[in-house]
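For reference, chains read A, B, C and D in written order, and residue numbers begin at 1 within each chain.
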Amino acid sequence: MSSTAPSNAETAFIRTAAAQGLRLDGRAPTAFRPLKFHFASTPGAVEVHLGAADAAAGNSTKVQAVVSAELGRPAILAPNEGVLAIALELAPDFSAAQASVHRNEEEASVSRLLERALRRSGAVDLESLSVIAGEVAWHVRIDIRVLDAGGNILDAACVAALAALLHFRRPDVGVEHTPSTDFLPSAGAAADAATAALAASGGPSVRVYGPDERPPVPLTMHHLPVCVTFAFFNDGHDVVLDPTRGEEIAASPATPDSMAFVLNANGELCALRKDGGCAMDLKRVLQCGRLAALKAADLTKAIKDAVARCEQAMLSATKARAAAKGTNDASVVAVENPVVLEE
Amino acid sequence: MARASHLLDSSLDSADGFTDPHGAGAGGPSADTVTPGQALDVETTYLKGHGTFLEDGQLLSSVAGTVYRVNKLVSVKAIHARYSGEIGDVVVGRIMEVGSNRWCVDISARQSAILLLSSVNLPTGIHRRSDETDEAKMRSYFREGDVLSCEVQGFYQDGAIALHTRSLKYGKLADGVMVAVPSALVKRLKSHFVVLDHGVSMILGLNGYVWISRTPSAQEQKAQAHLFAGHHNFYDAPGSTPTAAPKAAEAVAGADEPLDPHAVREQIVRVRNCILGLVERKVMLTDQLIAAVSRTARSLPAKQLLDPDVMDTVILETREQLQQHDE
Amino acid sequence: MPLSTAERLFAAEGIAASLRIDGRDPLDARTVELETGVILQASGSCRARVHRGSQVLVGAKVAIETLDGASLGAGTSTGLGAALGQGGGRIVCQVVCDPSVAATGGGRCGAGSGRPVDDLTGECGQRLSELLNSAASGIDLASLVVIPHRVGWTVYVDVLVLDLGGNLFDVVLLATKGALCNLRMPRATVLSVDGKQDYDISSHETERLRGAEAIPLAVTCYRVGRRFVIDPTLEEEDCSDLSLAIAVNAAGQVCYMSKSGNGASHGSLIKTMMAFATRRVPELLRVADHCILQQGTRTRAIQGFKV
Amino acid sequence: MRREIVSPEGFRQDGRRPEELRRSHFRTSLFQQVDGSAYVEQGNTQCLVTVSGPREPQMRSKSLPDRAVVTVEYAVAPFSAGERKGPLRTNRAHTEVAASLQATFEAAIMTTLFPRSEIMICVQMVQLDGSALATAINAVSLAIIDAGIPVTDYVTACSAGYIGSDPVLDLNYLEESAGMPQLTLALLPRTRKIVTMAMEQKLHLDHLEPTAEMCEEGCLQMYQQMNAYIASASKLATLITPSA
C-alpha cells in the first residue's frame, strides 16, 4: 500500500472490519500506534515514528522536526515578543498515489491546524524571546518534514514539533548598554543584520554567548497542546483513533471524514477541526473530546518522558566526552529513545 | 418583488386557470410549497421524482419549491433549478463549442448538451450519411454563439443531454431575440412553437430559453421547405428561419398581410418585456398567458413596460380580463 | 456567452430603428436605485443598482498618512509625495469584481466575445482615479492637506462590482459620488508643539469632503452602426466598436473624456456625443443630487440589499 | 480598560441577553446572471453569496466522474472592516474559511446527482462585525437553496463564546476581540447533527458542552427564521383566483 492507493475492495474491507470494531493492524479502535522518538545530537532535532513496526505495510508515519533560532527584528504589531514560524513540507515522494492537488490540500490543512495548535494557542512563551523590546528578538522556526506518510500526519507532526521545541536550546544572550567595541558574535546565528545595525547605531548591543561561555537555554513552554485525530466510517457509525493511510482513504470516499482535537494536559481545548464529513450528534462529539483528553494526557507524558530520557543520555554523553576530550573523540552520540505509548 | 406580492395571488390552492389541467403530460402545481428536509404527503405507493429523497422510509423534499404530482410520480421543482430534460422536450440552445463531430450546446442544463453531427439534417436531403466534408464544414452549419431550436433525444450515461434537429421545425434561429428565464417557470404545453398576434412568433423552450421573432410569411415558409428538399445549402441561405411549426404557419398564412416591420419589432419587444415582467413576479409562463399579457400591453409603448408599476397594472388588467372570460 | 450573428444584427437594426431590444430609444437610460450609508464600517458608502443592469457597491475610507513612510492607515504611500507636493491630498481608487462576476463567461464580461473583466475594471479604476484627482473633479483636494508637504488625508475609494449589466463607468462614477457625498472624515487639527507642527485627530467631530457635491457625472456614448446609444446592455455593448466616456459638471463643462474600443470616428460624431452629454448630464445631476442629498442624512443601513 | 461583556444585570453591550441572537435579514435571488444568490445580515455582519451551477466545469480536468465538484471563493471587501485592507490575492485565513465552507457544503449537497459538473460558490463579506464564518455558512445555505440545488437539509450556523462561567451567543466584533474563546458550529437542523465545528482561543473541555449546546440552540433559531423566509420566497404566483 506504500505507493499505490488501496483498491475499492480494500477500503470496503476496512470499513466492514471497522463496523465490527476491528482494524487491519490489530489495534483496538481507540489505540494509537506505537510512538518512537529519535533525537539527534543537535538540540531541537527530532524524528518521530508512528507505527514503525508496520512500516512494510505502508502504515507508518515518519516526521522530522527541526527547531532553529536566530536574532532578528520583532514583528511591528508585537514589539515585545519573539516570532514563531512553522513550516511544513511533505517529502516529494509523499504518497505517490495521491494527486498533487490533493497533496497541496493536505499540506495546507495540516499546517493550518498546526498553526492553531502551536502558535495561536500560545504554546511557546514569546515574550521571553524578546531581547530588546522593539529592536531585537529571537525568531524561532520549526521545520517539519513528513518523510513517510502512513496516515495521521497531523498528530505525528504535532508530537514531533513539541518534542523538538522541548529539546531545543538556544544560545544565551546578554544586552550591553555601553557601545561595545569588541562586538563579537560568538555563535553563528548571531551574525545578523539586526544586531549589527544596532551596534553600529551606538545603541545597546546584544552579546550572544557560545555554549562554552554560558549553557544554552531551553524555550519557555506555557503548555503542550497535542493533537488527537479521529476518523469516521459508515456515516459516522464507527470511529477509530490515529487512522492509517488506508483508513483515511477508506473514511473519505468523497470528502475527508475526520475530526481533530488539540488539547493540553489541563484539558483545555486549543483547536478543534471538523470540516464537513459525516454529521454527528453533539453527544458523540463530546465523547470523542473526552477520549481525546485521555489520549492527550498519555501523549504529553510520552513526549516529556522521551525528552527527559534523551537529556539524561545527552548529559552523560557530554560527561563522557569531557572525560575523553584528550583523545579528541568527535563521535556524536545519537540517542534513540523508543517510547511506546501503551493503550 | 414585495410590490407585486399584494397584487398577485400567491396562494396555490388550485391549478392556475390558463391551461387545461389534464393537458398532455402536464402536472399542474398541486397544493403546496415545501422547503428542504420537509416531509412530503404521499400515498402508500408513489414514485420518487426529482427534488425528493428517501430517509428512513420517508419521502422528503431536497429543494424549496412546488410539489408536482403526476399519477404516482411525486417531484418538487425549485424556481431556479437547472433544466433536467425529458426525452422529446423542445429546447432552445446556444452553441458553445464546435468539436470534431459534435457541438456543445448550452441549454441551461447541468452540463453542456451534445448535438452530434449525425443528429442534424444535412443539406441536400434528410437521409444522408455525414462524411468528412461535413466534419470540415461544421462551423458553417452552426458556429459559436448561434442559437438553435432542437429536441432532447436522450441522455448519456453521465447525465449529459443528447440533442437532435432532425425535423423541419428545428434549426438555426434568426431575426429575433432570446430571453433566458428559469426553466421551472415554463409550463409543459401541447406545442412550444407559438404564433402570437401581430406577426410575432415564439419558441418557448422547456429549458427556459425563449426565442421571440417575426413570424415568417407563408411565402418564406414555402421557400424554406423548398430549400430543405435539397437544391441549395439550407444553412447558408439568408433568412432561413424555421421558427414556427409548419402547421402553425399554415394557420396564420391565410390572414397574412404584409405588416409594418417596425410595429412587429415593437411587438417583439413587448413580448420580451412581458415575459421578463412575469418571471420577475414568479408567474408560470404559458402560451396563452404570454399572449394575453402582451395583448393587454399592446396599447402601451414597449419601453413603458420597463416600469414595474406599469407592468403591475398590465398584469392586473390581464387578470381581470381572464376572470371575466372565465365567468 | 457569445452572441450569434443574428442576435447582433437584430440588436443593431433595432438601434438603427430607434427601438432597442428592451424598447428604449437610443438616448434613454435605465432607472437606477441609489442607497447611501449602507456600510457602517466605511466612512462613506453608496450602492447603485440599475434596473436589469449593473450593480455596484462603493465604500470610501480615509486614512491620515505621513510622507516619511510610516502611515497610520493601511495601504501604500506611493503617490502621496507627488500629491502633497502639488498641495493636495489624494484619492486612491480601485475597482474590483465580485468573484462570481469574474468567473462567469470565463473571465470575460457577460458576452464571451466581450472584453476580459479585469481589463474593464482596470480601465474603470484608471478613469475614476484620473478624474477624481484632477482639479476638474470639483473636490477641494487642498482641504485634504493637514500639514503642508508632510501630512495629508488619503481617501480610498473601493468599488465592488456585484453584477455586470453594461455601462459600468457611468454607474461607478454615480455610486462614487454618492459615497463621497456621504463621506464623514474625522476632523484633524494642527497643533504647534515646541515649534514643531503636529496634528490631533478628533474622535467625535467629523467633517464632509469639501467639494464632493460638485463631482461631475458621466454619460458614456457607445457607437453602434452610424448612431450612438447610452446606457447599453451587455449585448449592445458587445455590438459597439467605439465608446466615449464624457464627464460633465453641473455647469455643463466637460471635465473628463476617455475613448475606448477599436473603432475610429469622425469629429462630427464626437461633437454630437459631446453636445448630447453636456445637455444631458446637468439634468441628470439635478436628479442624482436630489436623491443623494435626501438620503444623505441616513446613517443606518436598513436591509442593505432590498429587491 | 476592558469593559464587561455581560453586565451584572445580565445584559451585553448591545443590549442583548447572553442567549440572544442578533437581528438578521435575508434576501435571495438578487442577481440574474447566476443560478442562486443570497444576502444575509446578522447584526452588522453582511455577507453576499452567489452560486453558479451545477454547470459544465470551467476546467474540464477538474471534473469528477461520480459527483459534482464544489468550489468556494471567499473574498472580503476592502471596506468591510475598521481598517482598510487592500485586496490580497492569497490570504491564508481566507483559504481556510473557503476550505471549511467547501467541506461543509459537500456534506449537505447531494453532489452524486450531478456527475461531471461543477457548483461554484462565491462568498463576499461586505461588512465584518463578528461571527463571519457563521454568517457566511447561513448565506451559502440560502444561496444554494435559491439555486434549487438538492440538499439533505439546511446548514445553519451560529457562534458562541464563553466568558466567566457562562456561554454567550452570536458574538459581535467587540466581543470577539475581547479574547474569549469562540466556537462556531454548523448544524443540520432537522436531525440536529453537527457538520462543522471551528474554534478560536482556548476553551476548557468541560465548557465545550454548554457552549456547543448554546450554539445548537442558536442554529435552530436561525433555521426557523431562514426556513420561514425560504417558504415565502419560493412560492409561485398565480394570476387567477380559483374559479369555484
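Quick notes on this structure:
Everything below uses one rule, namely that contacts are C-beta pairs under 8 Å (C-beta built on N, C-alpha and C of every residue); 3 or more make two chains touch, one makes a residue touch a chain.
This is a predicted model, so every value here is computed, not measured.
Within the contact network of the assembly, the step distance from chain A to chain B comes to 2. On a Cα centroid basis, the chain most remote from chain D in this structure is B. If each chain is reduced to the average of its C-alpha atoms, the one that sits nearest the average of all protein C-alpha atoms is D. Which two chains touch most often is answered by the contact tally, and the pair is B-D. Measuring from the averaged C-alpha position of chain A to that of chain D gives a distance of 33 Å. If you average the CA atoms of chain B and of chain D, the two centres end up 36 Å from each other. Spacing of chain A relative to chain C, judged by their CA centroids, is 51 angstrom.
Of all residues in chain D, those that touch two or more other chains are 29. In chain C, 52, 307 are the positions where the chain touches two or more neighbouring chains simultaneously. Shared interface positions of chain B, defined as residues touching 2 or more other chains, are 96, 106. The list of touching chain pairs reads A-D, B-C, B-D, C-D. Against chain A, in their complex, chain D makes its touches with residues 67, 92, 95-96, 99-100, 102-107, 111, 183, 188, 191-206, 208-209, 212-213, 216. Taken together, the chain A residues at the contact with chain D in this complex read 105, 108-109, 112, 120-121, 254-256, 259, 263, 266-282, 285-286, 289-290, 293.
Chain C makes touch with chain D in their complex at residues 39-42, 45, 52, 55, 57, 59-61, 63, 73-76, 94, 96, 98-101, 103-104, 106, 110, 156, 158, 160, 162-165, 303-307.
On chain B, the positions that touch chain D within their shared complex are 4-5, 8-14, 16-18, 29, 33, 35-37, 51, 53, 55, 62-66, 77-82, 96, 104, 106, 110-112, 158-160, 184-185, 281-284, 289, 315, 318-319, 322-323, 326-327.
By the touch rule above, chain D contacts chain B in their complex via residues 29, 35-36, 53-56, 65, 68, 110, 114-117, 145-154, 189-190, 227, 230-231, 233-243.
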